[in-house]
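Below are two complexes that have chain A in common, paired first with chain B and then with chain C.
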Partner chain A sequence: MSVSAPQAAVRRSTVLPVLRRHGATLALAALWVALVLATAVKSPAFLSHQTVIAVAFNMAFIGVLVVGVSLVMLSGAEFDLSVGVTAVAAALIAAQLLTDGASFAVVLVAVLVFGTLIGTVNAALIVRVRIHPIVATLGTMFLVSGTTRLFIEFVPIPRDSFLRRHVAGDLFGVPRVFWIMVVLLAVVAFVAGRTRLGRHLVAVGGNRQAALVRGLRPDRIQAGALVFCGLVAGLAGLVLASQGDIVQSTLTPGTEFRVISILLLGGMALTGGRGSFLGVAAALLLLNTLPTAIVTWGVSSSWQPVVEGVVLAVALAVNSVRSAP
Partner chain B sequence: MRRRSFASAALVVALGMTAACSTEGAAPAAPAEGKALEAKDVRIGFANFAEPASPVLGAIDVGMRKEAEKRGWEILVLNNDRDGPTAVANAETMVSRGVTHVVEFQGDGKVAPQIMDIFNKAGIPVIAIDIAHPGAHFFGINNVESGRLSGRAGGTYAKQKWDCKPDLVTVLENEESGDVALLRTEGILKGLKEVCPDIDGVITRRNSPTTPDGSQGVARDILVSKPDAKKILALGGNDNMIIGTINAAEQLSRAGDIYGYGLGADLMLFGVDTPGLGGSTAFWYEGYAKQIYTILDRMVAGEKIPVVDSPKDPNALFNPVCAFPKDAVSSIPPLKERIDALYAKDAPAKSAAEQYCPAGTETYGLGK
Partner chain C sequence: MTTSGTRPGWTALLNRPSTTSVLLFVVAVTAALSFAPDFATRANISSMLGDLLAPAIVLLAASLAMTGGVADLSVGSVLGLGAVVYATAYTASGSWQAGVLAALGVGLLAGLTNGGLALVFGVWPLIATLGMLVAARGLAKVISDGSSVAAYTPELSTALKTTVGPLPVPVLVVLGLALVCSALVRRSRWGTHLRATGGDEVVAARAGIRAGRVRLALFVLTSTAAAVAGCVQVMRTGASAVTLGEGTELYVYGALLIAGFRLAGGGHGSPMTAFLSLLSLSIVLNIFRLRGMPLPLGDILLGVTLLGAVSLGWIRQRTQRHSPEPEPEPEARPNAVPA
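This part shows the complex of A and B:
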């Protein structure tokens, strides 16, 4: 059966807008599928439950950080460089409280309050004092990491704590921390895309002056995004603390770089007001499957950063071409 | 004419007074080679790696101060704040304050020559902790021999339990740490092959961050790439990497038959109790100051000690270490008590390793 011209025209009219809207996301998804298939050809065992668990763990902590920063970027407050160290400090607080016998509820409140406090400091510096977001959050980053290292280097996590026994387990064969990230991402994507608050956030990030003219309060909205980002970083600390026997005051180098890479690759505009949470999810999946695939490919450790850099550059180029008007 | 002479004399006196003021506080001169110094003339300059918040840095800080006090020596303690330029500034401060001997602990290899220039010009002997400084006495861990002890311990377990036929040996190392990482891995592989010579085929060696979550990620990826591996031996450049590997195996429900042997014991001795961790080569950082002062004693007594500035040279000054089994952790006192005992006024001259290594364990550097 042949397809007539009018039918083709109708089909084009429905497909093209989807491609235009989600082209970059589809490109990332296609790249991920290609990566998975190519790795599976090399080693069929790659298509296994073990890979799912490994990638889910890879995604969980970084994914929670990504969700927090995504709202900051959408609001036009550029980026929060302090999220990683805030999460580490929150993880240390959680570990210390658990070691001292505190209940999980107390730990949860403590890390969320701590994260919110750091987010509030960032908001005050950026919105009230008018310090550039990168400079302000860089300052907070040094403040938090310096203070943390001044008092504590590492804390063991008790194996019999609620955090290790329950949060660290799995649900439907996938780590619970992964589901925490997925739920958070879904809620934030819904709020940003389907609610009045989300529309205001995007409006402020897209054009601050126009938002002011519309009667919105950009300062309040950006401050809210920064405070929320801090709160989420506190939650990320809990995710981090649940994963092993120890929390250390040093963050894995490059964590902030990975967060920004995922957001840019996913289509979040650094200038604010534009972004796709589907794209962010696809970028998160791609960049966290890559290290596992690279090891399966048997690529030497020395070449791993090079391969990751090339894939990131190619994906960003594809994204840029797709996003071009 | 007379007025001009008077002015000149006044100028000379003023200049002389200025010079006297500028050297105030720098009284003790650098030690003349081969000549013993009186206790009152000894002024030790110690620049610590960072604020002594961590147990390791705190132990070194306490030890350095207490040993100086015991000898009636003056000590100037500064903080390098994990920062090369700060370490350079501290070196200048130490020279201006007239220290006679320097103990330098800083991790930026790029500024090491600059720091040594400052001390060399002042003729001050330097002991550099853990990081080689050209022309300074190296003091620290023999990374090859320490790694070898861990490799042998892991190999011994593999031989006893698996007849030297594990399915997988993970060796994590942090390439960014440079020579330290390479030397440790060299030692680990050497020790492992001393016990299990034909084990090469199952070894997976990979670069890893030194952090717990970073090493977990790398270990997870290795385990995914070896889906059939059940008997797993975990080795690596520090305790974090071993604990990270075991945690990764637990996350993948593959910790049933895993055994790890750490390096440093800094986590194990501070109460991190990971099932599957058999032990760790203990570096006994808290004993560093004690060993350093045995070298300083010789210098102050006028002995000329040949400078060995490379940690690769087996003649360098190394802290004694031993393979420390996890089940022996409960048999030794906590760190605070160990520090108090090591640096008490009537403490024996024994090193930390001599005091706390269980009998029968493999050691390196004891009795040297």
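This part shows the complex of A and C:
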């Protein structure tokens, strides 16, 4: 499922195509298996049902956001820093609506509309006003998080709501939302790699000028990716709300950086137009298991942000080495 | 006919970034005087300016770095880390000089790491420093164990709080430095090299300027200045909170962008105008505080400032629609996107 702009594809089709194309993905997957085995040997509790549920839930939440941002990155609009707070705000909205007795359908529509709205604001700022994506989404990130905290601090989620009864809970040993994420990832990977829309997206990200000359509309496609990313962030809010009894405005700080690390390590080119969804899936497994594994190894959990920062720096370095011709 | 006669003068005035900064300052002061009666008291002004000291030090270094094309997002985190390291080293050794040295070391290392990542691997500075933004904040939490560290030195605190009228002396010193830097960037040969590096690296290299070296020096300067700002903040207040410096980077870069600096390098701002913009922002925050308004409003202000500041170029271009020069083709931009 790897997608790339034409010139990259030609360069890559040399000897040992499988290893060349998927070598990095295989390495990431192997690293993940080694990490899981080593940690399980050190402490069998690591493979307990409870730990697996916790890790898989985190993976579901982050994974949904990764899917949204992956399209933004492929389209050459770099990334979206506002996804984390958008998801938390959407979760708060969902919880508030459920407390007020709204039906699940209403809640679903509300979070999706909210996410789309934020995505549209981002798209307008980046595509129309031509603000650099990092700065634009950093601005919306502060706007959204400030406004959210101005109105709501935390909301409990009613136990008898549809969300808690049917969306939360497990299927095949992991949370149901995990499977939602897997399906979403597969669909987006298929669309990006196998459809005309996906090829246009990759073409715009790979070479904007060339895409423009061939009659594509880079601005429209990038704006579409950004709006879709907002919509998916709204959905991630629902995933987040399905977890516990309460939604807080201070939940999951630093999500956006985790998302970027996963995409960069997974092989999405920062400049757009190239990336592998299999690689991203492997990086998602590895980077979401790492924090729990580190705690199991006896390192204090306060080291987690340090590790995340280092991982981000390493991911940037690895990415730029891989992007170099 | 009369309106079109005045138009060029208006646009020309609007196009000067210094006008925007002055306008913002006037609006902020007017708002403060009308909405917060306590604003004009001597105690309030000197405490507000005192709190401005650490961001002003960062701003000064960042304005030079930005002229050379280096925008470092990790300054807030490095400021916090510098503060915690200073406080911890001071408590352990008992001498403040050791604390400052330790913090300087940390700033140096952070700058070299950022610069290495950006220059060796060719990552755009703003993105390259995201890792440090997360890691330095995390390290500060690890070192301080998640609580604030006390490090009070009476004589340093008094020295930093000396005032001339309502104006704190250290802030005046930074202001003086900003003045000197403004002049250096504009007039000296060193300033020309700096602006050349920020403008076009290839051209700078052809002119015999080692752009890589200049940029590495700028990374180190920014991080070191941030660490020093952290020390100064702890010296003044006597303790280092874990959250110290959070959001500093946004205020500083917001002020710089209003003042006409550009994230992609070059630009035509001066440190003095940037200082004025920073002052305006802190006046607005001061109004919020005096009126007892909710804290998240500060975050909203940050967001609005940042977006507003980077949209200024676009707004200026829109107001210029009627000018005879042909507009630059929107699609004809190179890979690096101007902010």
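Everything below uses one rule, namely that the second predicted complex is superposed on the first by the 274 of 325 C-alpha atoms of A that agree within 3 Å, B and C clash if a C-alpha of one lies under 4 Å from a C-alpha of the other, contacts with A are read in each partner's own complex, and residues count from 1 in each chain.
Convention: contacts are C-beta pairs under 8 Å (C-beta built on N, C-alpha and C of every residue); 3 or more make two chains touch, one makes a residue touch a chain.
What you see is a predicted model, and the numbers here were worked out from it, not measured in a lab.
Enquirer: Is A:L212 contacted by the first partner chain B, the second partner chain C, both or neither?
Expert: second
Enquirer: In the superposed model, which partner reaches more residues of chain A, chain B or chain C?
Expert: For chain A, the partner with the higher number of touched residues is C.
Enquirer: Can A:L316 be said to touch chain B (first), chain C (second), both, or neither?
Expert: second
Enquirer: Let me test your reading of the model: by the given contact rule, A:I53 touches which partner, first (chain B), second (chain C), both or neither?
Expert: First partner only.
Enquirer: Determine, under the contact definition given at the top, whether A:M181 touches first (chain B), second (chain C), both, or neither.
Expert: In the superposition, A:M181 touches no partner, neither chain B nor chain C.
Enquirer: Give one of first, second, both or neither to describe whether A:S145 is in contact with chain B, with chain C, with both, or with none.
Expert: A:S145: touches chain C, not chain B.
Enquirer: May I ask you to decide whether A:V127 touches chain B, chain C, both, or neither, giving the answer as first, second, both or neither?
Expert: neither
Enquirer: Which partner chains sit in contact with A:Q304 here, chain B, chain C, both or neither? Use first/second/both/neither.
Expert: It touches chain B and chain C both.
Enquirer: For A:I246, select first, second, both or neither according to whether it touches chain B, chain C, the two together, or no partner.
Expert: The answer is first: A:I246 touches chain B but not chain C.
Enquirer: Once the two structures are fitted together, what part of chain A is touched by chain B and by chain C alike?
Expert: 149-150, 302, 304
Enquirer: Touching chain B in the complex: which residues of chain A?
Expert: 43, 45-46, 48, 50-51, 53-54, 57-58, 61, 149-154, 156, 159, 175, 240, 243-248, 250-253, 291-292, 294-296, 298, 301-302, 304
Enquirer: Over in the complex, which chain C residues touch chain A? Could you list them?
Expert: Result: residues 113, 117, 120-123, 126-128, 130-139, 141-142, 145-146, 250, 263-264, 294-304, 306-307, 310-311, 314, 330-331, 333, 335, 337-339 of chain C touch chain A.
Enquirer: Flag every residue of chain B that touches chain A in the complex, lowest number first.
Expert: On the chain B side, the touching residues are 50-51, 53-56, 175-176, 205-207, 209-214, 216-218, 220-225, 227-228, 240, 243-244, 246-247, 251-252, 267, 270-274.
Enquirer: Would you tell me which residues of chain A are touching chain C in their complex?
Expert: Against chain C, the touching part of chain A is residues 78, 125, 129-136, 138-150, 208-209, 212, 218, 254, 257, 260, 270-271, 300, 302-313, 316-317, 320-321, 324.
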